[in-house]
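Next come two complexes, and both contain subunit A; in the first it sits with subunit B, in the second with subunit C.
What follows is the complex of A and B.
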C-alpha cells in the first residue's frame, strides 16, 4: 500500500518493473528518465555489467512536487531478470506498491516470460502477497519488431492476462507505451492510497 | 477590456465570435452549452470576458457567474463543508449566465465533475445558457466524467485559433490605441509578424516594448524591438503530435528533457498523478466535511473536526474521526445514564461537546452520587379514572391548574380528606400526569416511607447523598403527611426540601388524613408552609360521584344496565369511595353465590337487612346518654327523658313490641 506520511506530509509510491532478462525493464526507466525534467528526477542508479545487464537493480526516484499539500514521490525500480538473481528480485519486490510485468513480445522468449511471471507470483506469495491484490500492469514490449517474430497483444493476453488486468503494447526503446504503462500503474496505486502511521 | 470585435478580425474565429455575440445578446439560441475550444493563449478567457462585458452593458442588473474550474471546485468544497452545497448549486443554477473557464483543470477535481454535469442539465432545462472554455478537446481529457463529456459534446463547439498576422496587427494596434502610450507603427507591424506561441505572448511583448519606448528618448526601430523581445521561431502546435507515434528516433537515453514532447509526456503523467492524489486527499477532506455536517446536525460541537479542515492540507483524519466518534458514543451513553439519574442535567452542554468529555463524566459521577432511583407513582392510578362530582371538584380543579401550568397556579397543593376518599388515587394520578408531561424524576411516596428512608441513613455521607437525590426531583408527592407528626427529623428534612423545591418552582403535592388545624406534633414552620399552599378538601362521595363510580363498578356485570341498582347505590349513604366499593362488591358476590342477577332488592336484602341480625349486647361502657346518670339501678327515674340507643329501626320495633 502506498505510504502516506502525515507528519512529513509525504506520499511515496514504490513501483517495480519485473520481467525476464533483456525484456526492456531498464529501457523503460531510461526512457522515463530522459523525459522527466531535471528538477523532477533524481540520479538514476543502475548497477550493470559490462554487457549492460542489470546486475543488481535500477532505481529512479521521481519528485512529482507538492500535490494537495503532500510531497509526492514515485520510486521506480527494476529487478535483475536473470534467473540466478532471485534473491535480489525478492529484495526489490519488498514493499512494492505496484508491479509492471514487462513481457518480451518475441515468440522465442515466450517460455522465459512464463517462467518470470511464475517467479513473480512465487516471490509475492513468499511475502504473503496475493498477486490478485497487488496493482499489476502487463506491458507487451518490443511490439515494434517484425510481426513474424512477435506475438501480438491478443495472443499475449491469452497467455498472461487471465486476470484481465490492464495490458499495454509498448516499444520502450522509442517510448511508445512507456508513460501509458506508468500512468496505468500509478492510477491503480493511487486508488489504494491509504493511511499508514508515520515511520518512527 | 475585451471586445468581441477583435475576434471577428480573424476569419477563423468568426464563428466563435458570432456564437459568443449571440449568447451576449441573449438571443435565445440554444447552444446548451457553448463550448469554446482553443490552444493556450488563443484568447478563450478574453472571449468569456467579452461575452460578460457585452451582456452587462445591455443588462446592468444581470447576474453572471464567471469562474475557472479550480475556483469552482474550491467554492463548491467550501460550500459543502459549510453545509451549503445545495445553496451553491442553486446559485449557479440561478445565474442568468455561467462562464466556466479552464475546463481541462476539472480533471483534477473529479468530485466536482458531477456538479458541472448536473448544472449543465439543470441550466439547459431552465433555458439558461452556459459557456465553457477548454484548452484541450473534451475527448482528450483523460479522467473526465463520461456523463459530463457527453453533455459538453452535445452542445455547440466553436474553435478559437491563433489570429493570423493581419488580425494580430489589428489587435495590437487597438491595444495601443486603447492606452495613452504610443509605439511606432512599424514596430507593431514587426511584432505582429513575429512568431509567438500564443496571443498572450504578443500582448506581453507589446507591453515590454511600450515600457521600453517610454524610457527611451529615441523611437524604437523594428530591428531593435525584435532584438529586445528575442522574437522566437515558429510556435509548436499543441496537441498536433500523434501521441501513439514513437517520440523520435533517439534512443531512450537520448531525448533531451527540454524537448516539448518530452515535457508534454511527463506533464500528462504528472497531471494524472495530481488528479489521483487530489482525489484521494479530497476524499478525506470530504469525509471530514461530511462528519462535520453529520455530527453538527446532531447538535454536537465539531470544533475538533473543523480544525482538520483549517490547516493547509488535511492532517491524518482517521484517528481524529474515529476518536471523535468514540467520544460521541461515550457522551451518548453518559447522557442516557444521566437522563435516568438526573434529567435536569441531561441537557447540559457538556453532553454535546466531545472536547468536554471529562466534564461530562464528572457530572454523571455527581449524579450517580444522588443514590438509588426515586419512588415513581403507581401506574394503576390515573386521574381519568376518578369519578368527578361536587365532593372532589375543588381538588380536581387545583390539580388541573397545576398540570396546566396556569400562570398563578400555586405549585403546592395539600389535599385534605378522610380515609378511603381517594387521596392516594389523586396523588399518584397527579404523579402519572406529571410524568406524562415529561416532568421528572418524580418522588411519589408515603410519608412513612419518606421518614423510614431517612431513619435508615447512618452516616453524614449517606444523608448528603439522600438529600442530593431529592433535591433534583422534578416533583415531590407525599402521601399522608399527618403520619409524620412524630417524626421531627423527617419534618426537618421535608421543610428543607420543600424550601429548595419551591424555589425551583417544582410541583409539591401532599395529602393528609387530618385537617391541618388539628394536626399536632407538626413543626409550625412546615405547617405554615402547608397552609400557604392550596389546601383543598376531599369530601365523602356525593350522589353524582357515587352514581358514576357505581356504573363503572357494575360495568361488565349482569347488572351493568340496571339503572335502578346504580341509583340505589348512589342514594345509599357511603362514608367513602372505599365503602362504596365494598358495598357493590358485596352485592355482586352475593348475587353470584345465589346465582341470580344483581338487583336493587338483593342489594337491600344484603346491605340493609344485615343490621337485623342479632347483635351482641353491649358489654362494656355506659350507654350513651344525655350525660346525667340515674341515681340507682333504674329504680328512680329522673325527670329527664332516658334515651336509649337504637341501632336500627327493626330493633326499636322489636323492643316496643316487647
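What follows is the complex of A and C.
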C-alpha cells in the first residue's frame, strides 16, 4: 500500500515500469523528466551500463500536488529488461504499489513480451502478490512504427490483456500515451486509498 | 527533522545528538522514507532512499547467492565523510538506516549509538494503526488536474 504520513499529510506511491529489454521503460521516464517542471521533480537517477542499458533501475521522484488535502508524491522506477537481470528486477519490484507493463509492439518481439509478462507474474507471486490484485496498466509502445512491423492494440489485447485492464497505445519516444499511462495507473493506485461510494 | 510518525522522533533526536551524524535517513525495505534529518529537498531524500534500499537489497541478495546468511551493515569511508548503511528490524517491519557522518565523529560512535537507536525504536513503537480510506470519494478530479498541471496541459 502507498505510504501515508498523517502528520505531514503526505502520500508516497511506488510505481514500477516493467517489460522486456529495449521496450521503452527508460524512455517513458526520460520523457516525463523532460516535461515536468524542475520544482515538481527530483533528479533522474539511472544506474546503467556503459552502453546505457539499465543495470539496476532508473528512478524519478515526482511531486503531484495536493489531493484531498494530502501532498502526493510518486516514485517512478524502471527495472532492467534483459533476461539475466532477474535478481535485480525482483528487488525493484519489492513494495510496488502499481505496475506499468510496457509491451514492445514489434511483432518480432512478441515472445520477449510474453516471457517478460510471465516473469512479472512469477516475481510478484514470489512476493505473495497475485498479479490480478495489483494495479496494472498495459502500455503498447512503439505504435508509431510501420504497421507491417507491429501488432495493433487489439491483437496485443488478445495476447496480454486477460484481466481487461486499461491498455494504452504509445510512442514513448515522442511522448504519445506517456501521460495517459501514468494517469491511468495513478488513478488505480490512489483509488485504493479512497472512500468507496456507498453500495446502492 | 521530518518523520512519518511522531514516535520515531525522540529516539532519532537522541541518536543525532549522541552520534553527531550529519544526515540520517530511515526508510522501509522498499525505499519509502520513514524519517529524515539533514536533507534540504524532499525529492533528493527520495532518491537517496531509493539508492540506499537498492544497496541493501542487492547486498542481501548477494549474500543469498554466496550462501551466507547476511552481510550485515555496510560502511563507506570517504576523505571528508563516511556513510553507514544498515537494515534493522522494528515492530513495523524491516527498516533501513542511512547515516552520513563527518570527521567530528567516527564510524565506531555511529555504530554504538545506532544500536541504541534500534532498541529505542523497538521500545517506542505503538501498535500499528488500522489503515482506512484517506482520500475523498471524488479524488480523481484533483488527481487529473494535478497531472495536467504537471505535464503542462
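We take it that the second predicted complex is superposed on the first by the 188 of 200 C-alpha atoms of A that agree within 3 Å, B and C clash if a C-alpha of one lies under 4 Å from a C-alpha of the other, contacts with A are read in each partner's own complex, and residues count from 1 in each chain.
Operating definition for what follows: contacts are C-beta pairs under 8 Å (C-beta built on N, C-alpha and C of every residue); 3 or more make two chains touch, one makes a residue touch a chain.
Fair warning: this is a prediction, and the values are worked out from it, not measured in the lab.
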Combined model on subunit A: subunit C and subunit B, fit or clash: clash
First, second, both or neither for A:174, with subunit B first and subunit C second: first
Touched partner set for A:40, first subunit B, second subunit C, both or neither: both
Which of subunit B and subunit C A:95 touches, first, second, both or neither: second
First (subunit B), second (subunit C), both or neither touched by A:11: both
Touching partner for A:67 - first (subunit B), second (subunit C), both, neither: both
First, second, both or neither for A:87, with subunit B first and subunit C second: second
Partner chain(s) touched by A:190 [first = subunit B, second = subunit C, both, neither]: both
Per-residue touch tally on subunit A - higher for subunit B or for subunit C: C
Location of subunit B clashes with subunit C - one stretch out of 73-81, 271-279 or 325-333: 271-279
Shared subunit A contacts, counted only where both subunit B and subunit C touch the same residue: 4, 6, 11, 35-37, 40, 64-65, 67-68, 70, 72, 179, 182-183, 186-187, 190-191, 193, 195
Residue ranges of subunit C in contact with subunit A within the complex: 2-6, 28-33, 41-44, 46-47, 50-51, 54, 57-58, 61, 65, 131, 133-137, 139-140, 142-147, 149-153
Of subunit A, residues touching subunit C in the complex: 1, 3-8, 11-12, 14, 35-37, 40-43, 45, 47, 56-57, 59, 61-68, 70, 72-73, 75, 77, 87-88, 90-92, 94-96, 179, 182-183, 186-187, 190-191, 193-197
Footprint of subunit A on subunit B - complex, ascending: 244-249, 251-258, 262-263, 265-266, 268-270, 272-274, 276-282, 312-316, 318
Subunit B-touching residues of subunit A, taken from the complex the two chains share: 4, 6, 9, 11, 27, 30-31, 33-38, 40, 64-65, 67-70, 72, 74, 144, 171-176, 179, 182-183, 186-187, 190-191, 193, 195
